[in-house]
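Each structure below is given as structure tokens.
Two complexes come next, and they have one chain in common, chain A, joined by chain B in the first and chain C in the second.
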Partner chain A sequence: MTFTKYYAIAKTNFINSFTYIFDTLASTFFIGIVIFIFIYLWKAIYASNEIIAGFTIVMMLWYLVMTEAIVTSQSRVLQEIGEEVISGNIANYLTKPYNYLLYKYAYTIGRAILRFLLIFIVCGIIVLLMLGPLTIALYVLPFIMITAFLAITLHFLMMASFALFALWFENAQALEFIYSKIVFTIGGMLIPLELFPAWISGISMFLPFSYVAYHPAKLFVAFSFQNFIQVATMQIVWVTVFLLIAIIMYKTYIKRLQINGG
Partner chain B sequence: MANKMINKEYAVKVRNLSKDFKTKIRGEGLKEALKSVLKPHYKIIKAVHAISFEVKRGELVAFIGPNGAGKSTTLKMLSGILYPDTGEIRVLNYNPTKDRKKMAYRIGTVFGQKSQLWFHLPAIDSFNLFAKIYEINGKEYQTRLSGLVKRFELEEIMQQPVRKLSLGQRMKCELVLALLHGPDILFLDEPTIGLDVVAKRSIRELIKEINEKENVTIILTSHDMTDIEKICKRAIIINKGVIVYDGSIKELKREYVKKKTIKVLAEGEIRITAEKGVNVLKKSVYGAKIEIDGNKTSLKNVVAKIMKQNEVVDITIEEPPIEEIIENIYRK
Partner chain C sequence: MVAKHFRMQMEYLKIAIHTALEYRTNFLIQVISMFLNDVVWVVFWLIFFTRFQTVNGWNFQDMLVLYTVITIAFGLSGVFFGNRAAIAGMIVEGKLDYYLTLPKNILYHVLVSRVSWFDLGDIVFGVVLALFFVPPIKWPLLLILTILSMIIIVAFGVIVGSLAFFMGNAEDFSKKFFDGLIGFASYPLTIYRGFIRFLVLVIVPAGFVTGIPVMLLKEFNWQMFFLMVGFTVLISVIAIGVFYWGLKRYESGNLMNVRT
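Take a look at the complex of A and B:
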């Protein structure tokens, strides 16, 4: 019974996102430009080496396509939730027969899946045309989809947890900025962690941010079943951790709202 | 099975309800701003103070009050959004804060300022989604939907994206959305805001109709006094955290309308003076607008005096609009 309603919410927002698809395509276009620029950047860097830190140039750009698709499929979610926290508008959801976090998740996933597909396809075509295809076995794809989905879920839960901090910050934009820059750098969104100095990459590989971008993207360009087990397991662990954090923070926030009116 | 819990007679019962808020106070300037971070001072605001009232099932009640008067605080406590400090509330025999989730299935809300319809999709998509959210059984939903669509005349409208609809059409869809799950009580906040006169009338009629046909209890908040007059029979006025009036709207007008407004236009210079019970509101060379307090003087005498002292070209005698009546109550 309960699953039906959240599935319906996700599906409705998926369809809803189609209605303003031109907006989405426009922003995807700009991501495409970023990819375009990076292709030239990496070409310059790869002029003297065929392999850098275990990545060929083809792997490097497909890595970027994957991280972009995962991360930017949910742009501004932190800000959206943060604004609802600050304004106290979350209270309006209390009179509805569903849970706010689950609603937000279903709603976001509906849109994120469409955006993920669009970004992946558009950026993938650019890389395909300019550099060529990724060597990847088709049977690997379902596993990649699992880790991508877990990455998107983890990304959402971290953003929701961060956004609930907005209560103490009065400004959701600052939090969005901080979080996105962390994922950008030590999350491995822009460049794989192997390229960082050992002490940074060492720590970053264990932090949850890398399970949003680096690990699933690395798995995509250099698949091994063993690595898949390790990545998926750690993603589930971090998802559980942030799920608990989000639930606890949400409940605390709601209690506070109900006593003090926000 | 939920119906067993629901009180057959009362929709809302409130006893001695109180709610205080703590807010930070701080003085002006940088020094004070820093002080307030280190050692915050709080002020207690009594938002709602020991109010009591009851609403029977099927009643149409208006909640009136200036902003910051405790009206929204009361409504939030009724819907389970805020915890009361003291007192009892029962809504449909639920405790709004404890049974919030269960109660959610039995209440409906319409906010004139905040749409619950998906903007880019046809209204029917929102209806179908709500059916899933409120767990309305398939067949029941289809019957209910077709009934509402017929009554609200939405056959052609509901297939179009909501953004293409006029405000009046949108509001009809909002109402249907709120009614799909057959709620026992409906909270309407500014349901006719932004609508033209024709649409306003249409919405008011529909609200009254569903109240009659389905015995839905309706709690209306609106700054549009005509909404209140046309839809509701009873008004609860809240000001400064207490109920200053709870009774029929007819009584409200009768009791407080001992005042009349007179507009006079004279041929020559107007001759009117303020005196006991006569308040000159506006005065120009040839005309004036005065207010008469029926408690302090007699309308007959004042009008006679005006007619005697002036060559009256035009004279209008009116009741003050209900806004003024309410305002006078606020000022007390």
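Take a look at the complex of A and C:
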């Protein structure tokens, strides 16, 4: 019973996304442009090398398709929650028979799944046509889906935690900027962490941000069961940590929330 | 006439500065976060070029000049013509009504009536880069090129924003086209060859926003400079033409808007 309502929220928003399909297509179109630029950038780099840090050009681009699909499938979540925190609009949710964080999660996931699939398919087609297919065994796909789903969940929880921080920071858009740049760089969204100097990549590979982008995408282009177990375990650890952080931040926030008339 | 318009823009800036000073922390957060955002990009490219040295003839120094040009040009466009990427939204929501009744040039008024302080962070960052990485003798040229580049950015914003006159709800697409321009302009022009380079230069004029200014700052030649000036004039004329052509089709919304 408890979780059926959240499932209903996710499903409703999944269906709702089809109504605003133009919005979704516009974002997909932009990510398509980014992938297109990346293809040319990496073609220039790969002109003199066949393999860079264990990646062929095909692997590199499919890696980027995966990171882009995971990270950009839930854009603006941080800003949305952050603005509700700053404006106090969260109060509207307090009277409703659900938990705010779970509601937001269900709402976001419903939208993110469609966007993830669309971005993955469109960017995948661009890479397929311009560079070629990735060699991958079909039976690994369910495992990739699990890590991608955990990555999207972790990404959400980190954004929610950051967003609740907006109470002290006052500007949600600025927080979004900072968080997204962290994921872009040391999260490995724009470039595999192997290409960083050893000490940065060493630290980044351990940090939660890389479990949103780098690890699941690396697993996608170079799968092994051992790595899957390791990545999925660490993702679950970080999901738990950020779930706790988000809950604590939320409770602190609600205690400080003042509602002045209506 | 021109002086009156300029005075109006100064008034808008004055109001924006007063608002910024009223909410000082927020203002500083906006400027600093954009500055940090740019720092992250440059550090990213530093790491990239440490690993790969050059990309089809571009090195890290060229990338720094590219970031100098794009941050200053984009920043200026945001501070002085803050609505450059918001026109489609204003058309869709019927917000142009307000401007139609006033005795000022409509397009100009629409563009200048918002100031984006986030973009001030870009300008500060660009100026810092210029101080360190562009020789002082080239500063006048840099100033001219960034102003031309800014005009191209604004004109492109007007063209894609005006799509909403013809297509209905083109708000998201227009924004993404605009982001696409900045996306293309943030990467070396040399990675594209042949037909794609032509597209990046002319259709998405990203090559004119950064590629050609960087080449000119590296090695000046009059021919390319006049090409840049000519293109700026051309795209401005197209932008003005498209906007006013579309404006004839503008139907006001029945939404009641209050400008505060």
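The rule is short, and it goes like this: the second predicted complex is superposed on the first by the 257 of 262 C-alpha atoms of A that agree within 3 Å, B and C clash if a C-alpha of one lies under 4 Å from a C-alpha of the other, contacts with A are read in each partner's own complex, and residues count from 1 in each chain.
By definition in this document, a residue touches a chain if its C-beta (ideal position, glycine included) is under 8 Å from a C-beta of that chain, and two chains touch if they have at least 3 such contacts.
What you are looking at is a predicted structure, and each value in this text was computed from that prediction instead of being measured.
Colleague: Is A:198 contacted by the first partner chain B, the second partner chain C, both or neither?
Modeller: neither
Colleague: A:16 contacts which: chain B (first), chain C (second), both, neither?
Modeller: A:16 sits against chain B, while chain C stays out of touch.
Colleague: Examine A:91 and indicate which partner it touches, taking first as chain B and second as chain C; both and neither are also allowed.
Modeller: After superposition on chain A, A:91 lies in contact with chain B alone.
Colleague: Looking at A:129, would you say it contacts chain B, chain C, both, or neither? Reply first, second, both or neither.
Modeller: After superposing on A, A:129 lies clear of both chain B and chain C.
Colleague: Who does A:137 touch here: chain B (first), chain C (second), both, or neither?
Modeller: A:137: touches no partner chain.
Colleague: Answer with first, second, both or neither: which of chain B and chain C does A:33 touch in the superposed model?
Modeller: second
Colleague: By residue count, which of the two partners contacts chain A more extensively, chain B or chain C?
Modeller: C
Colleague: Name the contact category of A:41: first (chain B only), second (chain C only), both, or neither.
Modeller: Touch status of A:41: second partner only.
Colleague: Between chain B (first) and chain C (second), which, if any, makes contact with A:5: first, second, both or neither?
Modeller: After superposition on chain A, A:5 lies in contact with chain B alone.
Colleague: Between chain B (first) and chain C (second), which, if any, makes contact with A:258: first, second, both or neither?
Modeller: first
Colleague: Identify the overlap between the chain B-contacting and the chain C-contacting residues of chain A.
Modeller: Overlap of chain B and chain C footprints on chain A: empty.
Colleague: If you look only at chain A, which of its residues touch chain C in the complex?
Modeller: Listed in rising order, the residues of chain A that touch chain C are 22-23, 26-27, 29-30, 33-34, 37, 40-41, 43-45, 47, 169-171, 173-175, 177-178, 181, 184-185, 190-191, 195-197, 200.
Colleague: Within their complex, state which residues of chain A touch chain B.
Modeller: Per the touch definition, chain A meets chain B at residues 1, 4-5, 8-9, 12, 15-16, 19-20, 91-92, 94-98, 257-261.
Colleague: Which chain B residues qualify as touching chain A in the complex?
Modeller: These residues of chain B touch chain A: 21-22, 47, 73, 76, 79-83, 97, 100-101, 104-105, 107, 109, 114, 118, 120-121, 125, 128-129, 132-135, 161.
Colleague: Show me the residue ranges of chain C that touch chain A in the complex, using the header's touch definition.
Modeller: Counting only chain C, the residues touching chain A are 25-26, 29-30, 32-34, 36-37, 40-41, 43-44, 47-48, 50-52, 55-56, 118, 169, 172-173, 175-176, 179-180, 183-184, 187-188, 190-192, 196.
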